[in-house]
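Next up, some structures in structure tokens.
In what follows, chain A forms one complex with chain B and a second complex with chain C.
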Partner chain A sequence: MMTAVSDNRSLDGMCNGVALTARVLAVGDLYAALGIYSHVEPAVRSELETVILGTRRQRLIVAAAPYAPRNLLDALSLGADDGLALRLAKNTSTPASALRRLMAQCSDPRARRYLASHPNADAAILVDLSRDDAIEVQQAVAGNPATPGDVVARLAGIDDALIQRAIAASPAADAATLAKLWDLGDDWVKADIVAHPNCPATLLAIATSAPDVRLRRKLAANPMIDQSALERLLTDPDDSVRAAAVRNPAILGEEVDAMNEASARVRRLVARRPKLSADVIERLARDPDSWVRRWIARHPDMSAELLAELASSEEAEVRRGVARNSSCPAHLLVRLAADPAPWVQAGVALREDAPAEAISILLNTSDRDVLGALGRNRNTPAQRLVAIARHDDADVRRAIVFNPAAPREALVLLAADPYPLNRAMIVGHARLDDAAVADLLDDPEPQVRFSAARRLARHGNQPALKP
Partner chain B sequence: MKILVPVKQIASLDDQFEMRDDGRDVDEDYLEKDLNEFDHFSVEEALLIKEAAGDEVEVVVAIVGDDDADDALRTALAKGADRGIRVWDDALANADGTSIARILAKLVEREKPDMVFTGAQSSDFGSATTGMALAGLLGWPHAAVVSNLEYKPGASSATLRRELEGGLEEVMTIKCPAVLSIQLGINQPRYASLRGIKQAKQKPVDELSLDDLGLDASDVAPAFNVRKMYAPQRGKAELITGSAAEQAARLAQIIKEIRGM
Partner chain C sequence: MSEIIVIAIQRDGELRSSSLEAITAARGVKQAGDTLSVAIVAANPQGLAGALSVEGVDEVIAVKATDEFQPDLIEAVVGALVAERKPSLIVTAHTVDAWSFAPAAAIKNGLGFATDVMALRREGADLVATRAGYAEKVLMDIDFPGKDTVLLTTRTNVFEPASGQGSAKVTEMAAPAADIATKHEGWKQPADAGGIDIPGSEFILSIGRGVADEANVEQFLELADKVGATLGCSRPIADNGWLPKARQVGQSGQLAASCRLYVAMGVSGSVQHQWGMKHVENIVAVNTDPEASIFSIARYGIVGDMFEIASELENHF
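What follows is the complex of A and B.
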């Protein structure tokens, strides 16, 4: 935790954490001040607040910023006018204490609607707002997953389609509430009810043989459904119902294996399931639908023989799937590194476990996708990473940000990158030294200055800063 | 050889905003100021010509605005423009596109550029008048919404492509000097390097008044006054999912709800 500095004396020989605070105060930079706010002592925060909250424009910016520290948003809620209150109510970082304050002082129905749907709204706030006169506020309360069960049960009696649909999806709705809603709601509400984990068994039974496809499809997605009902839905005449059943995490592998599925849509979903028998994998690897093959090519249980077969596929996306498969043998990766499609080569270039021979082949490329993938790979030679950091495409250069083994030379190039997002992202790289980060406190982009100041404050071991 | 690129600092709205008490504009506190998006492309087009020709081309950026507009001007200078001109007078607070064009026409008389590139329009007001009004005042050839340009410094004509309605495009040859309003997508605008941003602080910017240009307040009086600005009431939206039959059923249900059936 840094201590207070109230003047702008020479920074030489000072504690570096103090130097950072002094510099931010002297420059008066809103974004750098936001970056260090949470890392200084309370006495210093009030000094920073004069920089951060100096004008109404600044207060509006901070009130809307999800990256603003929670304790600052809390302070901002004190005596907030309607404009500020609206932004604070909408900001997902605003803490519950500030939300309670805003609720007490704000009559704007728009702000109260945001408060009612806020992820940090606690039970007390939601109970209070559930009695609001505006239907929009009640709808927001019904849709908030933190709304208590007794409030949900009470709101279920309101004749409003949006409230009813929100309650049908509410995690706090119990079986009794859902049963009551079943009698009141339309077909759409009923469909949501049968997808609910707390749906009463009697309603699930009705939905199993319902003529309405919506009900059967939603039922097939319910993770609490029993196995016999699920097996029945796997043979439903409607393929959207079978697709929902295949995606249900409760389904057992054998049941899917037993399917002799005619719909390519469903088979694509089967190919994405984590557990499949060898027979099913083999059948799907030779499926006439290329989307099925591209999904199964990534399946970790694929045999080496099938992977070799799919590595010769005419479709580049299928070969790319093989290149991305964690079980792909080294000799296939070498072969795919020389694939005519750069997209397939890029799939190999992304792999940290690619053999040196494959990386060596890929180094000859000038393709942007492959270079971008090599830029992320910690096994790419340092000299090549520096060249990637100098590439004319900002997206290719950005790959360096994601490479934990990138050399300092490449990182420094990214810290001076013309593309602001690249500079903002490189600030977080563990191997970029604090001296280089300190230079970014002068960056023209607010996002970069914020990130640089926050990182230096977090480290607390800042290098000597230029006054 | 000189290319004049008039640019504008535009105001973009925050997500939530409030109107001024007089109801004629947005409260200034809710506005973000930036260089007009279209002007990134017109500046880039001038810089590409300069870079292809070497040092013989001078790119001059000009802006009409108060001290705050310096940021937009420096943004253009940081990209590589050689120098800047900023014109301001309090009488310009409500200037419209034609008033700005009168100022630019005086600048053209003063600077004698070989070409003028403007953005096709401003992204805040979108009137698309300034460039063409300037051409009219100068009596220069002009082309609007230029999406491709072939021009060599010193040439007596340029070949360009324009976007027309209905997806049509028109290729034309235009005599120079000319005023071209540049469309988005004609090139890929660069980001200013950190070095360029630092250098831009040292580049010369002439600050001119109306008087310096031989104009007075009556020459730049706007031809219109804003009576009211407001956000129209929004309707509701719902994403309808499901099969075609289900979507049709939901649509029918919504229609019944709206009609109170």
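What follows is the complex of A and C.
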């Protein structure tokens, strides 16, 4: 933890964390102050608050900022006026303590609706708001996944389509609530009920033979459905129902293997399933539909022989699938590194397990996607990474941000990148030294200054900073 | 009664279609009694006069010079036209050509000036141009008090290309003397995008972080193919190497220049992404976060899971 300092003249004799705080206070930079706020001792925070919350405009900015520290948002909620309250209620970072305070002091239905749908709203808040007179507040409570089951059950009795739909999808809705809702809701509500993991067995049975395709489709997606119903849905005349059944994680591999599916749409989904028998994989690898082959080319259980076969496919996207397959053998990666399609080469260049021979082939490229992939790859030679950091395309240069092995020279180039987003993103790189980060405290972009200050404050051990 | 002049641009002797869009923009503010002229600088300007003689154009001014990229020459042509004809308005497309000559021409001739204009109208006799500001975050109306001549560059793919056969007279104009400070080395084509054409697509289905994993990307390629859309993406998807950079929409990516329907699935809507698509008339946003920025610019919004919506969408095609 850093401690407070009010005398900027004595920085030299103090630890650098203190120097950072002193500098932020002296410059009066809102964004840098926000960056360090959570990392200083409580006594210093009040000094920072004079920088951060000095004007109403600043308070409004902070109240709406999802990156603002929670304790600061909590402090802002004290005596917040309507404008501030609305922003705080919308801000997903506002903590429950602040939400409770806002609920007690705010009568604006818009703000209360945001409180009711807030991801940090706890059960007590939601119970209180469920009794709000405004229907839109009740709708928001019904749609909040944190709303307790007894509240959900009570709200299910309200004759409102939006509340009913929200409850049909609520994780807190139990079998009794869903059964009650079944009698009240429209077809859309019923469809959501049969997809619900808590849907009563009696309703699941009704849906299995329902004439409405929507119901059968939603039922087929229910992970709690029993195997016999699922088997029946796998032979449904409608291919969208069969597709939903194939997607269902509850389905057993053998049942899918047994399918002699005519619909390409369903076969594509079969090719995406994690567990497939060797026979099914082989059949799908030679499927007449190219999308099926694209999917199966990525399947981790593909044999080396089939991968070699698909690596010779005329379709670049199928070859790309092979290049991205985690089971692809090294010799195929070398072959695909010399593929005529740059997108296939890029698939190899992304792989940390690509053999040195493949990387060596790829180094000759001028293609943006291949360069971008090489820029991320920790096995790319340092000299090449520096060249990528100097590329004339900002999107190519940014790849360095994601490379944990990037050399300092490349990182420093990114820290001086003309594209602001690249500077903001490189600040988080573990190998960028604090001296380079400190230079970014003067950056014209607020996002960069915020990130730089936060990074330095987190490290708590900064180099000498410019006065 | 005044004259409006469009500066048309050619590339290697071929007329740029954006010049026809500039004519449409100019035609929209032409008042009764105004004349509309189009000036073209080329090695064979007469050969392009027919294409420029569209409905509403009264005169084509043919300046015989070169097909090379010579912004100093066009700047001199603008200066000569201002001096000789005193037009009330000069319009040219907001292209790399205009970037090279328009600001200098505006300064040297004391013209009112606005770039990248997306809409143009008259308020009484006054001209009002609309352009974006602060990285496309706001739209600004600009007027030009006290300016006898205004020079505007118009955003491409916003105005319809002018069409309809006209009967413009063709006038030859001698190329003015110009202090040429640049040397044309040749034209370089942009990198091959592998057949992906985000700027030219009218319907783009775009995916963002919500897609979560490379393994999920393929299903949206499939969906885009099924619904007849071009698949676009936000920066993180291209950064991860999950889709080619040619599909990235945004500030450092592509501009959805011709798009009329943009379906953003799992895209939060960062400022950088909005730069490339905010102007699209019909934006449909799908996101689980009701507070995602994308909803602030969407015409239609769905708070929901992109995979569920994609699956439902598939059932309709």
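The rule is simple: the second predicted complex is superposed on the first by the 466 of 467 C-alpha atoms of A that agree within 3 Å, B and C clash if a C-alpha of one lies under 4 Å from a C-alpha of the other, contacts with A are read in each partner's own complex, and residues count from 1 in each chain.
Everything below uses one rule, namely that a residue touches a chain if its C-beta (ideal position, glycine included) is under 8 Å from a C-beta of that chain, and two chains touch if they have at least 3 such contacts.
Just so we're clear, the structure is a prediction, and the values are computed from it rather than from any experiment.
Model built by superposing both complexes on chain A: chain B and chain C clash. Applying the stated contact rule after C-alpha superposition, one finds that A:399 touches chain C and leaves chain B untouched. Touch criterion met: A:188 reaches chain B, while chain C stays clear of it.
Contact with chain C, but none with chain B, is seen for A:92 once the two complexes are overlaid on the shared chain.
In the superposition on chain A, contact is made by A:268 with chain C only, not with chain B. Once the two complexes are laid over each other on the shared chain, residue contacts for A:376 go to chain C alone; chain B is not touched. Of the two partner chains placed by superposition, only chain B is touched by A:56; chain C is not. Of the two partner chains, chain B is the only one touched by A:418; chain C is not. In the superposition on chain A, contact is made by A:240 with both chain B and chain C.
In the superposed model, A:139 lies in contact with neither chain B nor chain C. When chain B and chain C are set side by side, the one touching more residues of chain A is C. When both complexes are aligned on chain A, the segment of chain B among 21-29, 57-65, 75-83 or 93-101 whose C-alpha atoms clash with chain C is 93-101.
Across the superposed pair, chain B and chain C both touch chain A at residues 90, 240, 394, 419. Across the interface of their complex, chain C is touched by residues 90, 92, 117, 217, 240, 243-244, 247, 265, 268, 272, 291, 294-295, 298, 317, 324, 341-343, 346-347, 349-350, 367-369, 372-373, 376, 393-396, 398-399, 402, 419, 421 of chain A. Note for the complex: chain A touches chain B at residues 55-57, 60, 64, 82-83, 86-87, 90, 161, 186-188, 213-214, 240, 394, 416, 418-420, 443-444.
Residues 14-16, 18, 27-30, 190-197, 242-243, 246, 249-250, 253, 257 of chain B are the ones that touch chain A when the two sit in their complex.
Every residue of chain C that touches chain A in the complex is listed here, in rising order: 191, 194, 214-215, 218-219, 221-222, 235, 238-239, 241, 244-245, 248, 251-253, 272, 289-291, 311, 314-315.
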